[in-house]
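Two complexes are shown next, each including chain A; its partner changes from chain B in the first to chain C in the second.
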Partner chain A sequence: MAFTILVDAITYASWLFVVSLGLTLVFGVLKILNIAHGSVYALGAYAAASCVAVVASWKLAPAFSLVAMLLAAAGVAAVVGPLLERTLLARFYGRDEVLLLLVTYALFLMLEDLTKLAWGVHPYFVSEPLQLFGNFALGPMRLAGYDLMLVALAAVCGVLTWAVLNRTTVGKIVLAVIHNPEMSASMGVNVQRVYTGAFTAGMFLAALGGAFTAPLVSVQPGLSVSVIVVSFAVVIIGGLGSIPGAAIGALVVGLARAASVHLMPEIELFSIYLVMAAVLMFRPEGLFQAVKARLI
Partner chain B sequence: MRTGTLHLPCRRRGALRGLAAAAALAVATGACAQEAFKLGIVTFLSGPAAESFGVPAGNAAKTIVEQFNKGGAPAPFDKRGFGGMPIQTVVVDEAGGAAKQVQELRNLYQRENVDAVVGYIGSGDCLAVAPVAEELKKFLVLFDCGTPRIFEDAAYKYVFRTASHGAMDNVSLARYLKSRNVKVGAFNMINQDYAWGQDSKADFAAAMGALMPQAKPGADLLPKFGAGQYGTEVSALASRPADITYSSMWGGDLQAFILQAGGRGALKDTTLVLSAADHVLPGLLDKVPDGTVLGARGAYGILSARSPLNDWFQSTYASANGGVPPVQASYRMTQALLGLKLAVERAMAANGGKKPTPEQLADALRGSSWPSPGGEIRMVLGNGHQAIQGTAIGRTKFDPAARRVVAVDVQTFRAECVNPPAGTKSLDWIKAGMPGARCD
Partner chain C sequence: MAGGGFTAGRALAAAAGLALALSLAGLAAPQWLLFLLTMAFSHGLAVLGVVLLTRGGGATFGQGMFFAIGAYAAALLPQAAGIQDMALRIVAGTLAAGLVAAVFAPLLARYRGIFFAMLTLALSMVLFGLISKSNALGGSDGISLARGTLAGFAIPAGRSEYMLFLLTVVTSAAAGWAVVVYWHSAAGLVAQAVRANALRVEYLGASARASLGISFVLSALLGGLGGTLTALALGHVEPNMTNWTTSGEFVFVAVLAGYRSVVAVFVASVLLEVVRSFSNLYFPNTWQLALGAFLLLVILFRPDGLGSLWLARGRGAAAAPAPAAGGAAPAKPTEAAG
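Take a look at the complex of A and B:
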């Protein structure tokens, strides 16, 4: 039972981590709690469904559907990221964070309707990538190979993001902006470009999460709501803006959910928020966010 | 809110497709000078229930009202409009919660001055709006929601429901399993964690207890509505091997569950028993395991029997909606409109041909019966305000040549076999072993 709970927790956490990573990255750099993150997740799923359908119509090998999903996520991020950040969010920098929250909420509602306008309300199915990996036995369990691939994808996303931030010049610049945008600007850093890049990277992770979830679900309206709620729980548990926090937060949420489903299904819904409340009682800033000194 | 036209999302990408039913009608009938019957239609046009229930129901309303207005329906529904009155529709989105729906219903009656409202899929919405219509003394037909509590916990004069309530789903499934000698040593359950899922699992467990007492309940899972990820639930179900896995899930939740469980090979050793799943078949196709036991709260869609009325409905609906076949919500909307049409015309026959008042409409619909594409509808429960109808259960089989799922081993159940008698609460009746059920 413990093994099953652990495996279920890891597979659930890997899905959640990819989405939460983008959310926490955007907050870390831009200080925006982006509710529209869920809508971009849904856009990624829809775009992936369309791209995989195109690949199938071209009679390409099924493995190309994975490339199609990746390209779909990149395409969504390339369009949505700069567009939203430059034309909308940039107008509200420096304003109250609550106002930005409301702006992203409005964006969430608009993107929901735009998605429906573009793709309608009927479901799309893209199960080819799921079938590509088959299923296999792991101890007492039978798992889909696709689940294992998602775990690997989450690990790659986490390591790459960490490496870019901590081992590259670009990353050092981003960290400098996170730490103190005014000082970074005075040192010649183009803060605006960093904001756009970080927001686009966050959107890519959201769209990537949606794109690689598409084979597991029916892609239809309503996808964005549940993911954004649970992603918020993850980043709050881990600490807003912390990448290790997002990883641990996702694992904590995954463990809480898996344990409750196996041991006490009636409290499944409650368990995630119980853990969140417990963490916030002892560490109001989340598990991995250090208490910051005031700059002045 | 939209007046005079039905704008419904269509199946093709790109958006909303509308039609000008009333405008075309006025010209076609030459009835410009004649008083119109203004009809409120409430159904989900957005949100998770739109794709599975709301839009198919809305499309049915659009199609049937068009047919009524041009006199295109077969007898006894062949008079134009309602008794010659052209029908104008006002369509309202059911999304937004019960409090919003209460306000929207008031708006329909008091601002839009509709003569009747046909609507509501969500049980919570039905429970909230029924007392409002009663308070306003306005005519309301609930066409889809499943909770038995509407007329088991209250009595109404102006409120009707023209479809069987949800108890029938689970009683008929249990009767099917018993009748077909399906081996059920143990059964697992997975249902959405809200009123519908909770009520359904209680009814199914009680029906199994009454009809197949040897079957032992196993896992009892209640994932939240819209969860999307069911990997953990699939593991939990697999860890409690059972002959059948029952679910009342619907829409995207059910589709995701079947995809994820199927992807892990977890549906090979258990038979899925689904109470309301006909609408997911066209999308999932061969992903639905052959042999899945399926219900749709009525003899609808692939479970329906052929009849001239059903043939007309299926062909008319499909040709008006891009070839998409009707599913359960389409059938339920249609039977509500057919019943309302006959009630209006009966009331007009009794009052000298004038547009009927809500009281006259209520008198005409109470205790009535009429033919529908899914079989006869009879208003016999709730003092003549709640319908009963027969139903059908079958097993799925994917037809690779036709690229569609068909139903095999279909068994029909008469209404009195799977619905409680008047004056009895559903769950009490099921737990008592369904006394008085007539299944011959």
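Take a look at the complex of A and C:
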């Protein structure tokens, strides 16, 4: 039992980490808590479902379904990221953060209906990528290979993001913009481009999370709000704007959820927020205090 | 509300006058219009809660939670406690919402801005999940309820629509009056100061946290009140009342109405109900899309005209008139709102 819970927790935490990483990145750089993040996750899932279906109809090798999912996520990010950031969000920089929250909330409302218009309300199922990895036995347990692949994907995303931010020139520029946009601009940094890039990267992570969870869930309306609510809990537990925080937060949420699913299924979402409330009681800024959450 | 001539008595006269005029007009109104206005006013009460909380420095995306608590309390009381009377159910539903808010207030009041907003959204979605999965609460189908007596008297058959309309109008007028009086009281002014600058409030010796907590509980009471009236008018409650879509509509109307006038809240709420009744005919599948697009337009182009939510705040005031270029915008004098 404990082992099952652990495996479930880690699987759940892996894709949740990818999505939350995007949320925390966008918040860290642009100071926007993007409610529409969940919508982009859903867009990624829908786009992946469509792309995998297309690849299947071409009768390519099943391995191409993975490529299709990756391309779907990249495509969604390439369209949605610059479009939203340039045409809409850029108008509100420097304004009150609650106002920005309202703007992303309006976006969330619109994207919800737009996805329904584009893909309808019927659930989509993507099973090809699951079969690709098969199952294998570990002691008494049978593990799905796909789950392991998800964990690897999450690790790659996390390490890559960390490495880009801390080990490359681009990353140093981004960190400089995080700390002081005005000073960076006066040193010749194109702050606008950093914002667009960071936002698009965040959108890519959201869409990637959506695309690679598409095989595990039924892709249908309502996906977006559940994801934003859970990934919000992750970044609050870990501390907004912190990469290790997102990882720890995702694991904590994954554990809380898996334990309740197996022990008390009625309180699934409740358990996640119970953990969050407990963390907040003792560490109001989250486990990794990257930004100040308390204003009073 | 403008000017220094405010007295509680004058506001009471205005509220009573409006309620009387509406009640008389209701006698001539057709059944469908009565129902539409009942819905508009009962939802308007919940929006008034959002406005009150916004004015006190807290943005909420979870007002639906208290709306639903009020509604479910009104629906459950007949079976659970044998209480059939509508007046009692309204009072109980309102208090239940306030009580739940009072439990969460100490936790939530530590946060402001986006954290506060997201926590309210989270709480309401947790409640949504709990209700949807609970068999005792009717699951995702919800529960139907009967109207019962009003303050001990049986309602004559055929007049129940009008009686409920009357009840909603009178309650709304009373609540609106109470809110205006609160806004002009010392506590209401402190709440407004918390919104402008919480730190300064603390330096002046008042507790910003306590003030925000009070605003939260008051807004929950209004949400619960609106919920009970909606439940009685609809004859049905469902988990969607605490879904983000419901809370989103409250926020929408609040942005539309701005946070200075109680009357504007109810006008905006009527506007939304009218548009909604047409939307079912003309754009049934794009309701959220229309709401979101209009919300964006209001925020982009009429932030002061319809919303006036962001002009009168100290820090935001300087940046508000010049959204595009980052240069130094002339600081506008903060408008006094009372």
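Quick note on the criterion: the second predicted complex is superposed on the first by the 279 of 296 C-alpha atoms of A that agree within 3 Å, B and C clash if a C-alpha of one lies under 4 Å from a C-alpha of the other, contacts with A are read in each partner's own complex, and residues count from 1 in each chain.
The rule is simple: a contact is a pair of C-beta atoms (placed from the backbone, for glycine too) under 8 Å apart; a residue touches a chain by one contact, two chains touch by 3 or more.
Please read these numbers as outputs of a predicted model, since none were measured by experiment.
Participant: State whether chain B and chain C clash or fit side by side on chain A once the two structures are superposed.
Facilitator: clash
Participant: Answer with first, second, both or neither: which of chain B and chain C does A:1 touch in the superposed model?
Facilitator: The first partner, chain B, only.
Participant: Between chain B (first) and chain C (second), which, if any, makes contact with A:141: first, second, both or neither?
Facilitator: A:141 contacts chain B only, not chain C.
Participant: Looking at the overlay, does A:94 come into contact with chain B only (first), chain C only (second), both, or neither?
Facilitator: Only chain C is touched by A:94; chain B is not.
Participant: Would you sort A:117 into first (chain B), second (chain C), both or neither based on which partner it touches?
Facilitator: Both partners, chain B and chain C.
Participant: Contacts for A:221 in the overlay, against chain B (first) and chain C (second): which applies, first, second, both or neither?
Facilitator: First partner only.
Participant: Touching A:268 in the superposition: chain B (first), chain C (second), both, neither?
Facilitator: both
Participant: Quick one: classify A:15 as touching chain B (first), chain C (second), both or neither.
Facilitator: Once the two structures are laid over each other on A, A:15 reaches chain B alone.
Participant: Both chain B and chain C contact which residues of chain A?
Facilitator: Chain A residues touching both partners: 113, 116-117, 225-226, 266, 268-269.
Participant: Over in the complex, which chain C residues touch chain A? Could you list them?
Facilitator: My answer: residues 59, 61, 107, 109-115, 117-118, 121-123, 125-126, 129-130, 133-134, 198-199, 202, 208-209, 212, 244, 248, 251, 255, 285-289, 291-293, 295-296, 299-300, 309-310, 313, 315-316, 319-320, 323-324, 326.
Participant: Help me check something: in the complex, which residues belonging to chain A touch chain B?
Facilitator: Those residues of chain A that touch chain B are 1, 4, 7-9, 11-12, 15, 113, 116-123, 125, 127, 130-131, 135, 140-144, 146-147, 213, 215-218, 220-223, 225-227, 257-258, 261-262, 265-266, 268-269.
Participant: Mind pulling up the chain B residues that touch chain A in the complex?
Facilitator: 9-16, 46-48, 50-51, 55, 193, 219-224, 226-229, 231-233, 235-236, 238-239, 251-252, 255-256, 259-260, 263-266, 280, 283-284, 287
Participant: Within their complex, state which residues of chain A touch chain C.
Facilitator: Interface residues on chain A, with respect to chain C: 33, 88, 91-99, 101-103, 105-114, 116-117, 225-226, 229, 232-233, 236, 266-270, 273, 276-277, 280-281, 284, 293-296.
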